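I'd like to ask some things about the structure below.
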């Protein structure tokens, strides 16, 4: 059994990690920390866990994180890079669901996250935890940078086109929309029901933190600079991301075959038949990503649709997938839930 | 492995049965029927099942229902009573998720469902599948009348008071609210998003079909007539029932203890601590019912709150629970999903 | 033109007052205050008002409230009772949308609101602003206690039965449900979209602040004590209250006629035909309350359904209705919006 | 008073027309037709109109449409082109909210709507009712083709760039999302609450009927062919369209000024300050369109955001605006409702 700890379990990625790990056959949930809620039974905050998770939130200081085989950070950025070096030195694997280890460039990190990076060595060795790109490296990693929710969907949707060299990399467009759980469990006016319900809007148009993360991944795949316009939107629903991607593909290529071949054998990527339009509920509460690819009116513009549950493949599920890879388990262990529909 | 068939798999109870049974370790999904959709892969209708359920809808005539160990009817009322006699005679267990076998009185059945009953013998032997009331009888049943969604919640909430003889049985009140999936997957104007969203209303005030079913159960427990006012409401959410029950309890009794003792050991009933207010999301997509009991201002009126997922404990989950009991499996097999929150 | 000021305009009752008053033909919006947002154009916070309201939030100190003919308090409780005495002394009419002047008993006020009352003289003369009960007194009032949202719906629904003396006053039950806007625009976890959406629950079961307010009104109508069980619920929708009321009416009386006669001529109360089930959207964004009355199965229990927009008739609309009465305008002036459906 | 008739009043554009026209100071609602519901009071179907609209649905044959000054068609396509010639010949102005008169090319019409056009003469003289493009022609029109909901938003958002000749017309992208009311009040499984709630998806990717309509308008403005990729999406909300438009603008031009100048004086177009992100609720239930324009990271791609209420500016409101223009009323008459927020 893998002995697992969670740092910062009071948010939505935290409770989703708990849901997945408490049902995972190869995991022993050893500890979960919250400075503010130390002493409170986890199931008092999240009654969905009553009878299933007996842990109490522990103070980070006293929690036995160093005795864990793996520690997940479901914290605001800045926490993982502070606490990881000691854990890693002691042999504990770290999987950070925040952004601390996502951007390889120290400058980019401090530009977008407004703090200096305090663990540059770990950053250098950290592996970007998108298994469909980096499976081999993940297996031997000590620190995983679990990808952002938008970044997962957008990269997976563009990768086949970019790797095949068929897309015009100077004008990629990613129009994406996320459920409100993506904003976390912070008490903010903009995330109130009476603000976000029955409403739709774009945000972060001048620049969203997932933009450099996406570009880094696509540029690694392309071997050159890419120019991406990324416009996220806020959906009046709890879970789910749909990325609608637009790429100019001026060459005559079977894009359907391209996607099917690229993701053949991938346990969590479903390339749907031509003409499909994946909806977010078809992946709700599951680790599967569904993708469809279109070339409307046979023109130059290819449209890729990617549906993902932002809390699962976009966060906690992908983190568990990475844990499975690191510890040599079957990659799908504990992640076989069928989506909840309706 | 239990060989299982589903009759009428195109509705919400059908797809929920598929979700649960496809993940059930003791079940082999053998056939699923739909007259109108025969030939269509199930996963084309419900993309959440892509890669998980390979069946196609079959014509009821040609489907091998008689070779099944158990057949679930997820059909409108009238179908199960027509097809069950032959199946039961052949040794197949029948679990009807519609109302054909719920009301023991032929008169009541035809009064509320507007058709005569065509299988009165089977009706007589059918067992009402509320395990918390009838566990022993369920284990040896050949035909199960799976309870209605409201009926499950309301009966479970009143039972401890009724069995203990502490409630005034002449003025029970059940105020209940259900998500729209309870209305099924029929194309009706009243169930449209633009009608039901951002809206709340009562319906069926003069008399809802679950009323006689609830009264039958409570009267069996009380050994006398009960008088119940039952007002259902339509909630702007997909899943979930909350029943808010009011009973006059003029005696001094520890109602919290009453409920805890009544449901001690029940795997799917969670009696919450005093002061709790169960929310429907705390049981979303799970077979658990959560109950809290209050006596506001120490008065004579006791308030019982019951939260249930109408598609799971209120339909497909309870049906699987009944199947487990009939076939001697652990009662919780395939039903241990942790609720999806948020 | 009535010169109007609003104290505390950053919440939902504030913006709803602005919507109504900016379209009111007899009103000049003179000033709106917010300590925290002083200097910000109102339309920057609420873009729905762009081009329609040119005011900026002003510091309460410098705002010309004393020059106003009427001042609305859309503030947390405690503010109106501190500032009203000076305004009233200067001839300004005060309409408090909070609870400062609702409970006539000083003890009850401090018991439920946890602060002592600091303006007992004004409290004594304040008129409870439910026009259907107190129209004459409202016309000559200097201070109006604008009723609570639940309190408006529950009192209107019970009044005909209570005034006619036909209901058993020892076991009234008010089961009510409100949209999330009723919780205000405060940043609280419980009001987040990802908490309140797709979810339903009761709250405040041991005792909600509208309970004594409702009882006070009903007891005034009955001339004796009443015993009420009041259970509010939180709906996954922005606006709307539905109160489902249960009363034992053991006498043979035509309850439909009772309601129609009681509210004949009332411009904002619509008694629907027998068998109706008013939905909240049928009053959305309007000042109308719709009521239907049932006697299921001809039994002793009468069910009254009351639909209201909590921000209009339950708050801002009723406040404007009271203003109209005070200043001798037609009662419906500025309140004739047709509900928005769908 | 303009004597007005409505053909086909049982859908969402019909009830929205009723809401607007019943409050319009210059209109007399003379008749409303529905073949299927003839004889039913309109307010029985739409209780929001109780006490405000006394009409009953009339059979189209017997209704006095020819006595009306103006007739609105809120019908499926095909109806208006059949009935308009006679009405127009009799001097009645026709405003068609369906698509019968939108596409000037007979071939395009029959290609996209699968029926031949039966009134080509009227089609030729019909004026496309987008006042911001065609105000002068609308004033003297006998037949108005009221624009589609998406088409209104997308054209308004692209027009300033296209007219100024600064956008690359070979790769325009319109990513748009609409509330479910856009699908009408037809009983269809895909529009059920339990299908559309908590869900988001694209649809019509290979080609949506508003595509040729948008291209026709933009090409008229550009004086040349344009190439547009248009991907509509279905939002889990009742009302509201947000169009997120992408255009390559390789020249250095002040796009904010371009938009402000283009729409200066337009009563229903609000160009928001730089950096804004209009949300759909900021125009809910109003005829206003709000637009913001961005150039992320100073690149070549300009992003235009357009928020609209699909039932008002996208349908009934724009139809009333056109009626006002035709009859010489102030353009904003009856259309000054402030958006309902929250």
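Read from first to last, the chains carry the letters A, B, C and D; within each, the first residue is number 1.
Definition applied: contacts are C-beta pairs under 8 Å (C-beta built on N, C-alpha and C of every residue); 3 or more make two chains touch, one makes a residue touch a chain.
The shown structure was predicted, so the numbers you read here are calculated from the model rather than taken from an experiment.
By residue number, over half of the contacts seen at C-D repeat in one listed pair from A-C, A-D or A-B, namely A-B. The pair with more inter-chain C-beta contacts, choosing from B-D and B-C, is B-C. Computed centre separation for the pair chain B/chain D is 45 angstrom, with centres defined by C-alpha atoms. Centroid to centroid, with C-alpha atoms defining each point, chain B and chain C lie 39 Å apart. Residue numbers of chain D whose C-beta contacts span two or more other chains: 12, 181, 194-195, 197-198, 236-239, 278-279, 281, 284, 342. Chain B meets chain D in the complex at residues 12, 179-181, 183, 185, 187-189, 191-198, 236-238.
Considering their complex, residues 12, 15, 19, 22-23, 46-52, 181, 197-198, 238-239, 270, 272, 276, 278-279, 281-286, 288, 290, 311, 336-342 of chain D touch chain C.
Of all the residues in chain A, the ones that touch chain D in their complex are 171, 173, 175, 177, 194-195, 197-203, 205-207, 227, 229-231, 233, 235-240, 242, 244, 246, 248, 275, 277-281, 284, 294, 296-297, 299-301, 303, 305, 307, 342.
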